[in-house]
Structures are given as C-alpha cells and as structure tokens.
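Pasting a structure below so you can have a look.
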C-alpha cells in the first residue's frame, strides 16, 4: 500500500491553469497534487550566437524554487551567488525535453525561454515542470501563429513527464515526497504524445534495479503520461 | 485624471490570501491590483552570530521577482550570480520595516525570515511586499504563541506601506506601473498601525519636490495605509 | 546636550579641498568633521547601451570605504567578491542625487562616473559624499565647457545633503558616529540649491516617528544644507 | 557501418593503468580508445556535516577537463569563476554511481573524493570516468583494509559504465566523438558487476526513441559493461 | 637623461605622514613623488586557523587602488566581483616582505593586517606601499609594546623597497610612470635595514638583461633603499 | 648533503615528451623528477581587444593543478569559484616569460594560449611549466610556419627556468619538495637560450639573503638552465 493511498499506477490530480500571470506569451500554473509550479514561456527575437545564420530557432529553460517551497527553508540561490548542481541538472533536462518536441528549423528566428518556478514542492517538481512547460510553450507558439509570425505551430506534439520508482519492492507511478524519499529507485520519463521517449533517467538510490524492473517502471510511466496528455489537451480547449 | 481612472487618494483593490502555500509558518498571497507577491515567513531557532547572547530575536527579509513577472523578461538573478542593487535595496527596506514593528527583545531566540517573491508586477511591489509580509509574520508569531514558544505576540501593531507620487503635478496614491513610469516623484511610506512612520523614501525622478508636495504625499499615504490596515486586520479573522 | 557639544542645528566644520588628486577631471577631498571622503569625477565618451541614440548623457556613482576607515576593520569588498547591500544602496542614492541636479539632455554624449571613497568615517559618509561629489562634478563639467565640448554647464544648481535624526527625543542635524549609533531615527535629506528636495530617506531605528518630528527634521536639514551650499560655492572661487 | 569501423557492439580498446600518479590513495589512468582520464581517489577522515553521527561514510566526485582536451580550446572553468552545467551534471552522476556500489554504512568515518580529470577527449568521458574511478576507489578502499582502518572492502562489486546510442537507425555501443555527434539518441548506462543497473540516462538528441530501441541499447550496454568489468578485474591483479 | 630630470640613482622626494587616519593602530600616508598610498596596520586578536597552537603571530596585507588613481579610470575591483591578478601578486609581495622583517614567534597571538590603498599613482606603487607599510606596522607593534601586550617590538629592522630598471640602456632608480612605461626591464627590490635582500623581482619587459645589468640595478636599489630607511627612521621620531 | 642526494648544482632527470595529447597545436609532458606537467599550446586567430590593429600577436598562459597532484588534496579552483593568488602569480609569470622569448611583432594576428596543468607535484612546478611550455610553443609556431601562416618562427630562442635556493646555508639547484619546504630562500630564474635573464624572483622565506648569495644562486641557475636547454633542443629532433 502506498503512503498516498493511491493505486500503483495512479497519478495525482493534475490541474493546468492557463493565463496564470499576465505578461508572458504563455503562462501556466501546473499542479500535480501538492506540487505547484508556475511555468512561463517568453518569446524573444533572435537566437544565441552559436545558432546565428543556421536557419533555426532555439528553446531554453530555467528552473527555480522559492526558498520556502519545501518543508524547511532552502537558501535563495540568488543570494548564494550561484545555481546549485541540482538546479542546473533539472533546467538542462527541461530544456532538452522541450527542444526534442519542436521542429526547431520551423521556429524561425525566435528564442523561447521557459521559466519553471516551484512555489510548493511535494515531489516530482521536474516532471510537473516539463508537463506544464509544454502547455505554456504551446500557448506561446500559437500566439506566434496567430500574429502571423509563424506559418504553423512547429511542435511535434505534446510532451509530458512523470516520475516512477520502486517503493518497497513495487513499481509505482508519480511519487509524492513521502514516497520519493523512501524509494529504492527513482526514474523520470519524458515522452512525446506519440508514445516515443525523449528522456529516461533512472537512478538507483539504494538498491540497483534489473531490466525487468526497468520495464515495469516504463510501462507505468507510459500510462501515466497518457493521462497527463489528455489533461494537457483539455486545458488548451478554451 | 489618472491613467487608472482612480481618485487621487484611491488605492487599488487589495486582497490578502493567507495559507497560500503549505509549508511556511506564515504564507500570504498579497495582491494590490495586478501586483501579486507571495510572502512567506519562516521561523528558525537561533539568531545570527552578531546577536548571540544579547537576549533578542531577529527578523530578516529577502526579495525576488520571477523573471517574467514583468512586461519583458528580466535575467534570473540566480543565473546572473548575484542580486542586483535594486533587489538589495528593497529587501533591506522590507527587513527594516518589519523589525521596526516588533519588540525584538520579546522574540526569544528565534529568527524569522520573510521571503517576498513577486509573481506579477504592476508597480508598488515593495509596498505590497511589506503589507503582505506583515500578515505572514503575524501568522508565524501567533503560531509561536499557540505552540507555547512565546508568551505573547511581540508585534507593536500591523505595519503597512504604500507608494505615493506626483503625477502631472498632482499627488496621487498607490501608483500602478503606467503611473509610476511617468511620475515626477516617487515616494514609499511605511507606517505602523498607530500612524507613526517607520520609513519615508522620496525620490525626485525628474523634478525636485517642495515641502508642501511632500506633506501632500504624506497625507495621501497616511490615508492609504489606514485602508490597508483595515484589510490586514480583516484577513486575520478566520 | 549633544555628545558633540554642538547646537541641535549646528553642522560640523565642513571643508572642501579641490584638485586633491591629479588625474581626475574633478577631484575633491570633503571633510565633515572627522568624516573624510575622496570624490573624483571621471568623464568618458559615450553613454551606456540603454541610452544610445536618446540624445542625453549619463551620470553614475560608486561608493567604497577603505577597510580601516572605521573603528574596527571591515573586510575589503573586492576580496569578498561582492559589494554589500549597504554599499549598493548608498551608491545608488549618490547617483540618483547627482542625476537629479543635472539636465541630462544638455550633457551631450558623455558619461560622468563619480567615485566616493571614504578614507575616514565618523557618521554621515553618504551625505558628505553627495556634497563633495557635487563639487567634483561641477569641476568636471566646467572643464568640458572650457574645452568647448559643452556649450554650458548643465547643472541645475549645487546639490548637497545632510543627515538629521532624533536623539534622546530631540531633532538634531549632522549626526556624528556617537550620535548616529544612539539615535531613534535617522534621516538623509538631499536638496537642490533652490531648496527643493531630491531625496528624503527617513528610517525609524528604534521608535517610529510622527509627522511633526519629520517636519522638524526637514527644517533642520534645510538650514544645514543652506550652510553647506555656501561652502560649496566658496570652494569653487579659486 | 560505423565511422570507427567497429562492430555495433564492439567497445574500444580499454586500458587501465594503476598507480598513475604518486600521492593519491588510488590513482588510475583510464583509456577508452583516444579518451583518456586521470581518476584519483582521496581518503580523508570525517564525513560532511549532514552525515555526522549517522554511522556511515561518504563518497563524492568532481569532474574536470583540461582546456585543450578537446578539438578546440574550452575556457578554463576556474578562470570562468564557476563550473558549467555539464560539469555539474557529470560529477553528480559519477558520485551517485560510486555511492550505489558501496555499502556506505561499512565505510566508517571516512570520505572518499574521486577526481576525474579528462586529459584527452574523444567521446564517452563520463563513462570512462566511472569505469576508471571504480578501480581507483577499489585501490583506496583496499588500502584502508590493509592499514587496518576497515575490516573489509565495502564495495558491492565493480561498477562500470558505457555509452550506447542510435546511429543512422542502428543501436551501437561505446560511441566515439564522430559517432556521438551524429547520433539520434545518446544513452549512458551504469551497471554493477552483477548486471543490475545503477543509472540509465537516455536522451533523444534528434528523434525520440521507442521501447524496443531502448531495450536494444540496454542489451548492447550490458554486454559492453561485462567486457569492461573483465578489464577492471584484470587490472587489479598485480 | 631621464624624463624626470633626476640623476640615475636619485629617488623622488619621499614623505611619510604618520597618524594620517584616526582609527588604525598604525596609519601612514607615504608619498614617492606623485605616488601616494595610505597604509594602515590593524591589530586583531588571534591567528589564522593554519597557525593555531604553533606559538606565532601572523602578518598579512591587502592592496587596492582607487578607480581614478590612474590616468584613466580602472573598473572598481569590488564591482568586478574579484581582485585582479596584478592586485593579488602585489599584495602577496607586500605580505611576504613584511613577514620577513618580523620575528613571528615573538608576535604573540596577534594578526596584523596592513592595507595599502593607492590614492594617486605615478609608478612604484608596490614599493611605496612596502616602505610605508613598514612604518605603519612599526607604529602598531610599538603600540602593542606600550600597552604591555608584547614585551618588545619583534621587528628585525625596517624594511623598504624601491623599483629599478633599465631605461634606454641605462640602469636607473625609482622609476616614475613615464620612465616605467618605456623601460626595458623593471625590477623591484625589498631590503631589510641591514642591507640583506628580502625580495628581488626582475622582469624583462622587452629585452632580456645580463648579470652585469642585474648587479648594476641591485647597486642602485641598495643605495635608494638606504635613503628611504633614513626617512623611515626620521618619521618615527616624533 | 641534500635530501635528494644530488650535487648542489645537479638538476633532476628532465624528460620532455612531445605530442602527448592529440588535439593541441603543441602538447608536451614535461617531467622534472617527480614533478609532471602537461603543457599544451593552442593557436587561435585574432588578438585581444587591447592589441587590435597594433600589428602584433599575443601569448598568454594559464596554470592549474589537479586537486590530488599534491600530498594532500587541494580544493578544485573551479569549485571554489576562483583562482587563488598563487595560481594567478604563476600563470602571469609563465605568460611574461614566454612573451619575452618571442618577437610578438612577427607573430601575425594570432594568439597562443599555453595551458600548464600539473598532474603530479614535487617542487618546481612553475619552472617545469615554463621549460615545457617553451617546447609546446615551439611546436605550435613551427606548425604555423609549416602551414604557411607565418614566414618564420618568431622565437628569439628557447626559454627555460629553474628554481634555486639556500638550503642549510648552501645554495642548491632545482629543489624538490622536501628541499623547498626547508629552504631559507627560494628563487626562480628564467633565461633565454643566450644566457640573458627574463625573470628573477627571489624570496627570503626565513632569513634574508646577501648579494653574494644571490650571485651564487644565479650561477647555479645559469648552469641548470643550460642543461635544460640541451634537453629542450634534443626533444625537438624527431
């Protein structure tokens, strides 16, 4: 039995609130249970120097957490004078995931920066971030189309992510903090709408895992991501 | 006529939502019109080194802004590797204002850190921060009393703040972004519940101001702060 | 009775030594009693990026303190790897004050950087800095006129500053360290030569202050600044 | 056909030179073809603050690359003033992999720091680092046993890593730079000697991958890691 | 003929003004012609961690330059976020020179920090710094003796420094900026009162130098330092 | 008798291995006994901003040490967020030494960056670095000539360096760590092939030194450098 009382494959209630803040081209509050993340997508003209003249756009991401998003207060990274390794790792993952979901050569001379800021954390902040960022990015891209700056939305499809893990010997889906902190293995899976994988990151926290366990986790992830994509799509129907 | 259509002394609709996030000892979403700030108060045991053994507690504050809280995206301070001068100036103001509202020698061996994070900006973020922080701090202090860690809440009273300025020659209260960016003088006033001043910071943006103009602005501020304190008090009645 | 033995409205002996160092376009040693600050004004061609093509010049300022300007040694900010919040706050105040005293659209395509470096501190370093910087800046601007690079000096008038405070219940002017560290309220006032205010920054260190106290302090400040402006003008008569 | 001319499952020649430098408790030069990494293991008394009194040791890792280990020179991170996101991500991966291979509660009050410094890069530097670090760590732990500081070597077994990817539609093993830069998917797999997985990190660089492709890559990785573990074991027979 | 019109071995007028600022245990303004440096010596209880329990005191130094001490303005190091290589090199030289002049095992449990801040630069700032610092340190040590905290002044003698160089083929002493910027070789020599050398740092700026040239420069340096030591001694006679 | 058992003027076995790594235009492993340094020379088009249009090339250097090159582990400078003063001092010395050996006005519009990374330290890392860097730079310059980018190699000759010191009253040459840590004086000498000096840096660690001692050390250095230059030349004969 899971601490959360959920079925092994059951994800938390997921809500996606679009137009959450006023200024960004895309702005979403995504909630996976008690995990809450503000995702904004900003469109800016031009691309980074290393892409100049290559005929493609660019997508990047930054991640942050309010100091008291967690049970105890974490030092503010801006006050520390640097982003920590965990932050760097997560924002690189978000950015790669979003880029893999877009045909960058159809993005024109634009850079989209997605900011994912966790205002409340209860496990799975990086997967919630990716799932919310996909919708914020979709809004921003649709706006470019509506304004005639792009001919068509260059997304290959929605991209969503979920965490899976092995908790007391059993693979489970969408771990909340209590489950996550006691799990043997923690895996984050990012998939495209068509079921293909964009990122798989599995880490043995205590006990190594077998190929069978890996496949069991992947099956749960695949199912959970399907559920999220339904919610993403519904959120985009105004 | 103000761009906002408000009377010269009329503040924006102010709402204070307590228990906005789950973990902090005090957590408030404060809204002054379209300006929205999350204020959390964290209680930690002990005091900074320079206060050890002096028989008093400590209150400090940090301020931040999500990168896309504004019309165009600002670079993330954590990625920049330092907090800017404006941020430093504001968080020092918030901290001084809160400390002036509390009898620190009745705070015991505790440090309260108030984080004010702007999620949407439309002028007056520092005064909204102080006004929201006062309530978050009150919740945290009441919790210490409820848990028997303090005998009584050491606050001298609520503390609230408002911006005033001179717009096209006329003193006005609670400037939103459009008004603020065109004002000749910008002044932030912080007051205690009893009407006495804690901070007065007036800056001539374009034209210097006279003593009469200063007093006209102070009158508007005094009235606006009274209105906010009514809302603060109401918010604390569950 | 003040610890300094001065009348409540009496400022310390103020001396302004021009041409204090050899290389800067304006170089002043300003002394307010035992507070001593070197102010240099540097003229450089061009303006910051955000002003390019806007047809105006720019004025900025930096502030520092030698490590042993104070009773005990402070860590050197360059060795710390960053300027502290107090430094940032002060140099932003100096810069705003100087800019408010100049018609920037008559400054041409020049940037003036004023460096205020405290070599000995006894209270009031920021107000001494502003008062000395005004003269250093005047020298630099007069030099631009003399060299035919500007048609006329674009200063609206001298700018001077003084600290006032409430010490044992009584408003006093130009606090030295012993008075400052015991004062209930500390206020810095910056005025233009014509008596209008450029900055007012009042902070209740211990007890909040009333509107009457504020006005009493402003009167003292106004008188003290008049005295300083007489000295500034005298210093410019070679 | 691979650019390297190797079979799809064929790893590069791997050599492990122990006692490569003189001072470290374990020091290995590991070569995967033209990728060359110096791995040193340092034993220090005590554990980080967050582990004090918890009855376990600690293992951490740092990763670096000489500026000209690559085709063009990269800026030195020490001169840049910070480690980049890629470096952080890699050193966190190395550290997690090593910790997962050791029973930390049998490590006593020791911290082992493994430094992996790439002196020549041709793809797969992170997997070569892990594979070499395992041997350097084994040497350091055996030394602790030989000196009577530990009763037994707390390693669960050797740990090795390999990269796999999909190159022109075909899964291949141990990508060198030319292959890596053209691959659609890049996956790093870390396994324990018993065949169980410690880390799996797959990234779709261009095209998302299917579950079948994932499993094909895992099979190749499993075989490649077996080969490396044979070489690790042989290297420890003096 | 030297640009300065001085004889090849002639030093500039050197003045040493003690008690230049009020707070430091030793405070000196040293002038070598137009080069002016404030040297303060601060005494603090205790020694750095690496010397704890070793029965000796410690002497360290920091060096800085006001931004407009030079012909054009240099960026403030505190604003840059780090001390440059030149600054580091110079302050390490000053510290080593002072330490070599003191019996550290007779200094008790004290640390002396000497700050050398250049307010006007015209060549030779590091040698002026050392020569002034020696007097500031002497004052601080004599104060410790006068207060009964040390039995005797632990200095081995005065320490002074001078720059020498080869200018248009001729060795000259105490180069000012115009000479320094055109010299082929630049050498800084630090000597103890008894004529023995503490530091010799010769650098061929353009042309390498011969042993004969080195010895000619050392002779000039020796004579120049003798002159400075006379001035140091005279300055200490109140 | 020296701890090393060597004659007073005897240098350690010196080996220079060219083409040590694959990518750099010049790549050398230099060994002075147990001190081992990788020196790579990178050629890049263009010169730093301050040299644009002056018709000369540029040579710079960076120095680093692997964390466990030494007896105990040093913190990694990249993780510390800055290069230490010792590192800065050394890399500035290396760069100056190399520049003095080259006619920069015959170097065209190229910048050569030499990286010296110590993989094992046993005293004399800076002099080994310079001696190895000279060969790496020669290879890089010869490559520019071979490719027709330069008409001739602009080196004035080989440049080599050695440390000398006074150990138990006796001048000795090429100190290894045990000797260095017990020496009274430590001096680094850099010479050009023709016997002229480029840098002389002597430091009295404990006892000041006399002119006679200085000259004795210089004689030893001159002889040692001759030996090294023979080895440098031999290494360049393939």
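We just call them A, B, C, D, E and F in the order they show up, numbering each chain from 1.
Just so it is clear, a contact is a pair of C-beta atoms (placed from the backbone, for glycine too) under 8 Å apart; a residue touches a chain by one contact, two chains touch by 3 or more.
Chain by chain, the UniProt names read as follows: A, B, C, D, E, F = Ribonuclease PH.
Just so it is clear, the structure is predicted and the values come from calculations on it, not from any experiment.
Trainee: When you check each chain against chain D and chain E, which touch both of them?
Mentor: A chain counts here if it touches both chain D and chain E, which gives F.
Trainee: Quick check on the interfaces: A-B is repeated by which of C-E, E-F or A-D, going by over half of contact pairs matching?
Mentor: Answer for the repeat of A-B: C-E.
Trainee: When chain C meets its copy chain E, do both sides use mostly the same residue numbers (more than half shared) or mostly different ones?
Mentor: Same, since most residue numbers here occur in both copies.
Trainee: Round to the nearest whole Å and give the separation of the Cα centres of chain D and chain F.
Mentor: Between these chains, centre-to-centre, one finds 33 Å.
Trainee: Could you work out how far the Cα centre of chain B sits from that of chain C, in whole Å?
Mentor: Going by mean C-alpha positions, chain B sits 28 Å from chain C.
Trainee: Measuring from the mean C-alpha position of chain A to the mean C-alpha position of chain F, what distance in angstrom results?
Mentor: Taking the mean C-alpha position of each chain, the two centres sit 50 Å apart.
Trainee: If you average the CA atoms of chain C and of chain D, how many Å lie between those two points?
Mentor: Comparing mean C-alpha positions, chain D is 59 Å from chain C.
Trainee: Two or more other chains touching the same residue: where does that happen in chain D?
Mentor: Chain D, residues with two or more chain partners: 81-82.
Trainee: If the ring is traversed from chain A in the direction of chain D, what sequence of chains comes out?
Mentor: Counting round from chain A, the next being chain D, yields A, D, F, E, C, B.
Trainee: Please name which positions on chain D make contact with chain A in the complex.
Mentor: 82, 85-86, 88-89, 91-92, 96, 100, 187, 191-192, 194-211, 214-215, 218, 222
Trainee: Could you please specify the touching residues of chain F with respect to chain D in the complex?
Mentor: These residues of chain F touch chain D: 21-24, 27, 34, 36, 38, 40, 42, 44, 62, 64, 66-73, 76-83, 87, 113, 115, 117, 119-120, 122.
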